[in-house]
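Next up, some structures in structure tokens.
Shared between the two complexes below is subunit A, which has subunit B as its partner in the first and subunit C in the second.
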Partner chain A sequence: MNQHLSGLPAWLVQRLSAVYLALFVLLALLWWWLARPNDYAAWHALFASLPVSIAVGMFVLALLLHAWVGMRNILLDYLGYRPGLRLAMLSLLGASLLAMGVWALRILTGVWTGVLA
Partner chain B sequence: MEFRIYRYDPEGMAKPSMQSFVLEGIQPGMMLREALLRIKAEQDESLSFRHSCGEGVCGSDALNINGRNGLACITPLAELKQPVEVRPLPGMPVIRDLIVDMSQFYHHYKAVKPWLTVHEPVPEVEYRQSPAERARLDGLYECILCGACSTACPSFWWNPEKFRGPAALLQAWRFLADSRDQDTASRLEALDGPYKLFRCHSIMNCSNVCPKGLNPTRAIGLIKQLMLARQV
Partner chain C sequence: MGLGFDNSMQGRPRPRFLSLYRIHLPITGLLSISHRISGVLFYLSLPLWLWLWQHSLRDAEGYAQVQEYLAAWPLRLLLALLSWWLLHHLLAGLRILLLDMDIGVGLRQARASATALMWLSPCVLLLLLGVYL
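Our next item is the complex of A and B:
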């Protein structure tokens, strides 16, 4: 989330994160359909495993990056060039996404450290 | 046949408005341009619009016809729902009636340097190009710069000063794709950044309306691919 995430890099990040998000959602749905986890223990065991933790962590990161590029695109398209307003909106967007990232991190580390268990 | 035509007189006091016309004696196979010419000749000689070749080659009479951009000279009246709403190209400053100021459109065209740039000494005879290399220019060189694509593009409406627009980007690719051109690096460099190329979100309005059946969205995608290939 810096000024260099623009032009080609931003476009590339958007496309790559989209591929990951799509694959993750597809596999997650498939797993849910096959395994039918219906109690807390099953979900907890799932999220406690290292590969799933990594995959979910990457999902959150990809989601945040994807949202940043997409929302920034909308602001660039529709807001026109009003530097003050743009700075305010981008800051608000960045702060919200960061907050969501920290929140997700807290949930995931909570699962790992057993705080939420 | 009923028409509703956008009227604006910069010298008059009235705001832009839609004026209704009824035209009798529509012949089979008649195009919209002919109807506009007859309305001008028979009903209101102050009606202003651009036109020239009358066969879809010059690109002068691009208009918004029933909400869709196209060339009046190759739009058959028989295919149009009545009343036929004729407006100037969207998002452009109107000079008078159906005539718009295309300066910005031409500015973007000029900005992509639509000419061959060669750094090596010019060959003494002719530039050699294989049939395959020549074939890469098909679907690119046919553009007549009518402006139907760029003025159908929301990204061009919202950022007309900064986004090059589909027509100019199609021409940018036309020269990037040319085996004789030696300016690839600086052409790509000039297109990087958030606005000139990357305001395109591939919604394909441009390809949908192009009266010559060209595909600017594909050209834009190929520019992005080339940019990527040269940076990884």
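Our next item is the complex of A and C:
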């Protein structure tokens, strides 16, 4: 297997996702300041629009990748050489990020299908 | 291996120094560790954001409910802290991106930018507390 998301690729993914996350957050803050939706219909219509759901979907993906690289770096630094514990913690981290990704996907698609229990 | 295992490290004890009372970090180190801590805290808060997002979009009732939660002071305080961590993380990250581009790499400039950020960050917190509370 190749070095998936470690070394240079991980560093690059962390930086590229950081740029997108930063741009997204700064633009979102600006938009919130200038034209925030003030009722449910406007809030719902916002996430029902295709450009916004694409941008938010990319934000979620970038966030998950960014969190993976950052949390992985921290775990590798502080766990020391304990392969079993390391595997367990990295699996837990990956599973938690995947679960949150699926959750976010359900929210984004649920806006269209109307199923958001 | 895909998970970052390095067999050359096997059996060799790694140096570790985690005595919090005896660690005296330079200002750049302080910014670095706070960058990490704010990242971890934000990761841990993600389920809360997702839950609020989901309920605000469910129906008009859920939207009103979330607004009610957001108006209650415990959640307001939490959101102010979370926004602070996020902005601290973002600003420290922008500094690192500049360092990557060879901007401000010298020790003096790096110390100055780290000091500026560590002062700016509490100001951001006060501003956020003013907005939320």
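Heads up, the rule we're going with is that the second predicted complex is superposed on the first by the 112 of 117 C-alpha atoms of A that agree within 3 Å, B and C clash if a C-alpha of one lies under 4 Å from a C-alpha of the other, contacts with A are read in each partner's own complex, and residues count from 1 in each chain.
The rule is simple: a contact is a pair of C-beta atoms (placed from the backbone, for glycine too) under 8 Å apart; a residue touches a chain by one contact, two chains touch by 3 or more.
These numbers come from a predicted model, not from an experiment.
Once the complexes are laid over each other on subunit A, subunit B and subunit C both fit without any clash.
Of the two partner chains placed around the shared chain by superposition, subunit C is the only one that A:A104 touches, whereas subunit B remains out of contact. In the superposition on chain A, A:V52 contacts neither subunit B nor subunit C.
Looking at the shared chain after the overlay, A:A18 reaches subunit C, while subunit B stays out of its contact range. Of the two partner chains, neither subunit B nor subunit C is touched by A:M89.
Between subunit B and subunit C, it is C that contacts the larger number of residues in subunit A. Once chain A of one complex is fitted onto chain A of the other, the partner contacts of A:L76 extend to both subunit B and subunit C. By the touch criterion stated above, A:W43 is placed in contact with subunit C alone, subunit B being left untouched.
No C-alpha atom of subunit B lies closer than 5 Å to one of subunit C in the superposed arrangement.
According to the touch criterion, the shared surface of subunit A, contacted by subunit B in one complex and subunit C in the other, consists of residues 6, 76, 80.
Put simply, subunit A touches subunit B in their complex at residues 6-8, 10-12, 73, 76-78, 80. Only residues 1-5, 9-10, 12, 14, 16, 36, 39-40, 43, 46-47, 50, 53-54, 56-60, 62-64, 86, 90, 93-94, 97, 100 of subunit C touch subunit A when the two sit together in their complex.
Considering their complex, residues 1-4, 6, 15, 18-19, 21-22, 25, 39-40, 43-44, 47, 63, 67, 70-72, 74, 76, 80-81, 83, 86-87, 90, 100, 103-104, 107, 110-111, 116-117 of subunit A touch subunit C.
For subunit B in complex with subunit A, the touching residues are 154-155, 158-159, 192-195, 197-199, 201, 224, 227-228, 231.
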